[in-house]
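Below are two complexes that have chain A in common, paired first with chain B and then with chain C.
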Partner chain A sequence: MNFTITRQNLHKGLAAVSASIPTKTTLPVLSNILFEATSEGVRMSGTDLDVGVRIQVPADVSLEGSLTAPGKKLQEIARELPDEPVRITTQGDQIELRCGRSHFKLNGLPSEDFPTLPAVSFESGWQATGETLLSLIHHTSFAVSTEESRPILNGVLWELSDGQMRMVATNGHRLAKMTVPAASSSHTTVQFIVPPAALQQVQRLFGKEEEVVVGQEGNHLGFRSGGTEVYTRLIEGSYPNYDQVIPRDNDKWAVVDRKTLESAVRRMAVVASDQTHRIRMSLAKEQMQLNVLTPDLGEGHDEIEVQFEGDDLEIGFNAAYLLEILRYMDTEEVRLGFKAPERAATIEPVSGEGEESGIEYLCLVMPLRLLD
Partner chain B sequence: MTEARRAVPPGTPGAEEATEGPTRRILLVDCDMFFVQVARLEDPAGVGKIPLLVVGGTPDGRGVITSASYEVRGYGVHSGMPTARALRLCPEATVVPVPREACSLRSRAVRDALERLSPIVEPASIDEFYLDLTGTERMFGSETFEETAHRIRERVLAETEISVSLGGGTRKMIAKLAAGRAKPAGVRIVPPGDESDFVRDFDLEDLPGVGPVFLSALREKELRRVEDVLAVEEEWLVRWFGRTRARWLRDRARGLDPTLVQSGTARKSVSSERTFRRDLDDRTELETILLEQVLTVGRTLRQRGLRARTVTVKSRSPDFRTRTASRTLPEAIESDSVLYTVARQLLKELLGRGTPRLRLLGVSASSLADDGAGGQLPLFDHPLVETERDRTLSQLMDVVRERFGGDALLPGRVVESTRHPKDADGEM
Partner chain C sequence: MARTIEVLPDAVANQIAAGEVVERPASVVKELVENALDARAGRVEIELAGGGKRKVRVADDGLGMSREDALLSLDRHATSKVRGTSDLRALKTFGFRGEALPSIASVSRLTLETQADVAEPGTSIRVEGGRILQVRDMARTRGTTVQVERLFFNAPARAKFLRNTAAETRAVSDAVGTLSLAHPGVAFRLESEGRVLLDLNAASDLPNRVAQLWGDRAAEELIPVHGEGEGFRLVGLVQRPDAARPGFRRTALFVHGRPFREPALIRAGDRAYRTTVAPETRPWILLELRVPAGSVDVNVHPTKAEVRFQNRNAVEALVERSIREALEGEASAATMDQDLPLPHVQVRERSPAGPGDGGGSSETQMALFLRGDGAPGPEPGQEVDGLVPEPAEPPRLWQVHRAYILAEVRDGLLLIDQHAAHERVLFEEIMRSFDTGGSEGQRLLFPLTLRLPAAEYEQAEALSGLLHQTGFEVEGFGGDTVIVHGVPAPHPNFDAERSFREMIEELTHGSELVRSARNQHERVAMSFACKSAIKAGQTLDEREVQELFDRLFATELPYHDVHGRPTVVRLSSRELERKFGR
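Moving on, here comes the complex of A and B:
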């Protein structure tokens, strides 16, 4: 293998790929990046076996070939190199870099040792704009579960159907769901459960203005735009019926300034229990009261103005869940819907007049039982 | 580092610890062969007259020794040893079961007596209690620490009929090691300043906190005695055992132990385990036993108003390999049904990992919180998510058992197994 590449392209490729390299691994080759030089340029790949990233960058290849070399070290070197063309060659299992008067030799491993990334066909795939995809990921993936007891909830549910695309995530206590209009396609409805680590790579590597093609092959999904590809293993199993838990009969509605609510909840959270983060929300005409009473610590009280319709209500929440959801609401005001103290509450953005975009965003949060 | 701390010469106890405050006066009160004493007190005319006595296990040799009389210990028998082996060493010994209820009552009595004698009492196990008498010097006038210890010994004996041994020093570890030297029925106090010399005389396996895994790592490096550790440069210890363990070991070898005596230490786990009379490999039978254990654990949790987030299942195969599997749930639970669902999955994992033949099975619930701590309602029904219905059902079953007896209401498979007992009880 022998090629010359600009320092910028080398750095761009390494930066894209090295974030997919595991920090700790029992398989040494996974700490490496796979270089494949062909007449079309150089491909770099990295993977932790769950998620893989591949990027193609322009380079002047004089001898085709492949090798794997330590990812983090190469990235650190590329960062420090002068702004001059970099010549990369291999000698046996060693990779050699020359740039200006700098010269490095690093020990690599044969490319055959590197795991093969899934062969996903993008021809029969789906298309989405980067903007749509990034917005879906941003607004939902925070809600995935990090607990091991229910692996299915460790992924984001992604539903693609004719004219619609939806992502849902939940940890069993709170849920985020976003639906956006999508180009109509001939595909039937499909559901994937995608690990959030893969979606993070998508967020990191694809821009809003890019067209992303998505392809599936067996239990793997691939995302591609330009020369960049992200691959992931899908989580297997059936996702809980989220639609069934979305309340349809909420009859108490509060519209409140998002920032005001957020800061009041944050103040109350200071005094709430470290374990439960329990706060009490009392709603009556034009007023929301927030109260905290934590044994051995103390209490807190706050009031904010709201537009409230319905019977008075007292309900308990985990303040951390409320704050998290409010952070992802993009509008000035939010609407909270309730039925009863043991039933799911809804939180949704309140968009201004004429702002209909066809985007539906809804979060659910289950209450905490109040102790009397 | 403050001036006060710098004034402490390196190498003496306290050099690495928070030394502010008075010199501690810590005692470990250890009941002499507790289970043997209780068994004898319960049956003074029978068991009380047998010198070669072993408590725990069965006469046919199943189970393990909970306690052995000093006469039997002379044959090399010690607690934790399989009863069969003990009987090979001392064939004339008489084996009696553990008088469980009496042991709890006597232990409670000893604790009550100690609480009248010391401001801080920390139960370390059913038969060991740490006392912190710091600050009581003036209360007892001219009495020395050693005299105080003797007085406590006599009072406990007079009030509870239980003979205890006491070890004393400025650290919990010193008190514990000294109590070992005080036995039987004695007192051993290590004066302040003598800790380092005192500890030097022990084997590393005697140090509290050195378990079998660490011990074999130590032995690999030819470290057997405390003085062996003192002879090694700290840098080597760090290289061999990592910084945290190296520092811990070096501190202990110098008689340092920063842990304090804490009264009323909250309960950390609730468990139930059993050694079988014969090894079992029938999955259904094991699951039934697991269910019975879950019923015990669940009931204890609810009686104490506790919920648990972590469930652990422990198994021991005939070759004495102990395996555990545990799961921590997002929400604390108390109902038998969810406890059993989790425990059953864990048992399946354990049986998949090791041999399907077991001599012991146990279940424990930990990461305990009081039942008001939870209360997060779930979005979805799921076997691992406890519902109000699960809790109510378990609580109602408690009520029925309370009124009509422990066997009044049981799951069908447990009733079946009690009707046709196959292995019956072994050891806790």
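Moving on, here comes the complex of A and C:
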């Protein structure tokens, strides 16, 4: 292998790939990046076996070939190199790097040791704009479960159906769901459960303006735009029926300024129990009261003006869940819907007049049982 | 008709009393040593021959007696300690019945030698079977020596009940040991047939006396107890829970230096250990009570082995509470320290080590500035603890092996078992929340539908009220299925379903843990704590480590989990220094 590459392209490629390689691994080759030089340029790949990233960057290849080399070290070197062309060659299992008067030799491993990234065909795939994809990921993936007993909930549900695209994530205590209109396609509805780590790579590597192609092969999914590809294993199993738990009969509605509510809840959370973060919300005409009482610590009380319709209500919440959801609401005001103190509450953005975008965003949060 | 009822001659009355007071050489020794202690002896020496059957000799350096007093002391009910019945209730001294010496004298050949005042000659009195044979002057130092020979020579029926020499010697040794605990400031020496069985110098306090008696290790395993309430004061030593073992135990109770037996107080002590030791474990308990005058009747039994408290419940409560409080302290934590002294090697401190040092590399980092020898600052090993107030800085914490928390504290290191620590935290939180109506449950978007074996289903139904208070909202669905609508959230990685199943299984079929519970609330809380706590293998981030540490030390018994295992193992700086030969 022998090629010359600009420092910028080398650094861009290494930066994209090295973030996907595991920091600690029992398989040494995984801390390496795979370099493949072909007539079209140089491909760099990295993977932690769950998620893989591959990027193709232009390079002047004089001898095709491949080798794996330590990813983090190469990235650190590339960052410090002068802005001059970099010549990369291999000698056995060593990679040599020359740039200006700098010269490095690093020990690598044969490319055969490197795991093969899934062969996903993008021919019959789906298309989504970067903007759509990123917005869906941003607004939902925070809600995935980190608890390992129900692996299904460790992923984001991605539903692609005729004319729309939807992502849902939940940990069983709160749920985020977003639906956006998508270019019509003839596909029947498909569902994927995607690990959030893969979606993070998508967020990191793809821009809003890019057109992303998504392909599936067995239990793997691939995302591609330009020369950048992200591969992931899908989580297998059937996602719980989220639609069934979305309340249809909420009859108490509060519209409130998002920032006001957020800062009030944040204040209350200071005094809330570290363990349950429990706060108490009381709603009556024109007023929302927030209360917190934590034994051994103290209590707090706050009031906010709201537009409230319906019977008075008292309900308990984990303040951390409320804050998290409020952070992802983009509008000035949010609408909260309730039925009863033991039933799911809904939170949704309130869009201004004439801002109908066809985007539906809804979060659910289950209450904490209140003690009397 | 002739009179059939007669007042007994004193000698006979004394022999009868002797039957109550004097059972065996050990009781002779006990009575004589108590007399010595009442005479404010600083040193008591005991000599035995034939396990005390042939000879008991008790010598003290106490106040001594004048001749008149010495003669009176051999008269029954002659006592220097009680003048009227009102004194009887306010007793502070050991003997008071005035029975001991005459009783012993009536069943042995007794020689009493005593001197009270240097200005007067000492007195020697020889008594046989209660009859005074000889009284004469003698020269001696201040104090009293009583020699008792041929115990029960005139009561062969009683002599027959004496056991072999070894057993009697052991009984004497135990009696002296027990008394020596109550009087650490008094020196004791016990010799049998020329062999020294005990040689205890005056000790500064009880722990030192324990170390003299049973070794340093035993002393290090004991932690101090202090308590006060309703006029009672309690001091003593109890065993660190991690050192307690099943089987053999030592217990001793004293009231004003007087040993007594009261199983109920020991049981109260055992109750204090609840959840800190495994159920069959029997920790050592050594307690001394100071009681208000009139609240205790020691005149229940001639040997005063039993006492009667006016308000025994209050005393039991004090014992339980004080021991519990002692177990709350850091001293009750398990320790890595050893009492084995390691060879002390004096090593000259090298100049400050560079980063290259210690890695096995031969290269050393050259220091830009060498620290002058006269640099200010405390010398290593210099005691500064007492001078510098405890820094407000919180301890630094690390998670190690995804199972333990390593904490750097002022005087050493703590290793905390994350699961055990969280168990303790959850147990106390749940127990407290039972009083306030329960703890919050997080309602579930997707309720858990669980099929349970019939017995477990019944248990879940029966306990649904208590389970509800732990946060598990359980509803019977009929058949063998329950629906869990709400779950507690003890930590972010809580597996509610698994925890619930394990808990119901444990509560249905029992386990060593839940059998140790006192009531249903405790059973549920223990099981919940055990099944819901963070497991070993769970990675904790910095904040979680800190939170667990803070919550553990906010509990009442941070050093013990609910199974009776330690949550914390301590390694003192002193021990580290010793290990490294500093």
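Here are some notes:
Note that in this section the second predicted complex is superposed on the first by the 372 of 372 C-alpha atoms of A that agree within 3 Å, B and C clash if a C-alpha of one lies under 4 Å from a C-alpha of the other, contacts with A are read in each partner's own complex, and residues count from 1 in each chain.
Rule of thumb we're sticking to: contacts are C-beta pairs under 8 Å (C-beta built on N, C-alpha and C of every residue); 3 or more make two chains touch, one makes a residue touch a chain.
As the structure is a computational prediction, the values presented were derived from the model and not from experiment.
Contact with both chain B and chain C is seen for A:Leu368 once the two complexes are overlaid on the shared chain. When the shared chain is aligned, no partner comes close enough to touch A:Thr331: not chain B, not chain C.
When the two complexes are overlaid on their common chain A, residue A:Asp274 makes contact with chain C while staying clear of chain B.
When the shared chain is aligned, no partner comes close enough to touch A:Ser161: not chain B, not chain C. Once the two complexes are overlaid on the shared chain, A:Thr4 sits clear of chain B and of chain C alike.
Judged by the touch definition given at the top, the superposed model places A:Gln287 against neither chain B nor chain C.
Under the contact criterion defined above, the residues of chain A that touch both chain B in one complex and chain C in the other are 147-149, 170, 172-175, 240, 245, 275-276, 278, 316, 318, 342, 344, 364, 366-371.
Listed in rising order, the residues of chain C touching chain A in the complex are 429, 432, 436-446, 471, 473, 485-486, 489-498, 547, 551, 554.
Across the interface of their complex, chain C is touched by residues 146-149, 170, 172-175, 240, 245, 274-276, 278, 295-296, 316, 318, 342-344, 364, 366-372 of chain A. Listed in rising order, the residues of chain B touching chain A in the complex are 327-330, 369, 372-380, 382, 384-385. Those residues of chain A whose C-beta lies close enough to touch chain B in the complex are 145, 147-150, 170-175, 240-241, 245, 273, 275-276, 278, 316, 318, 342, 344, 364, 366-371.
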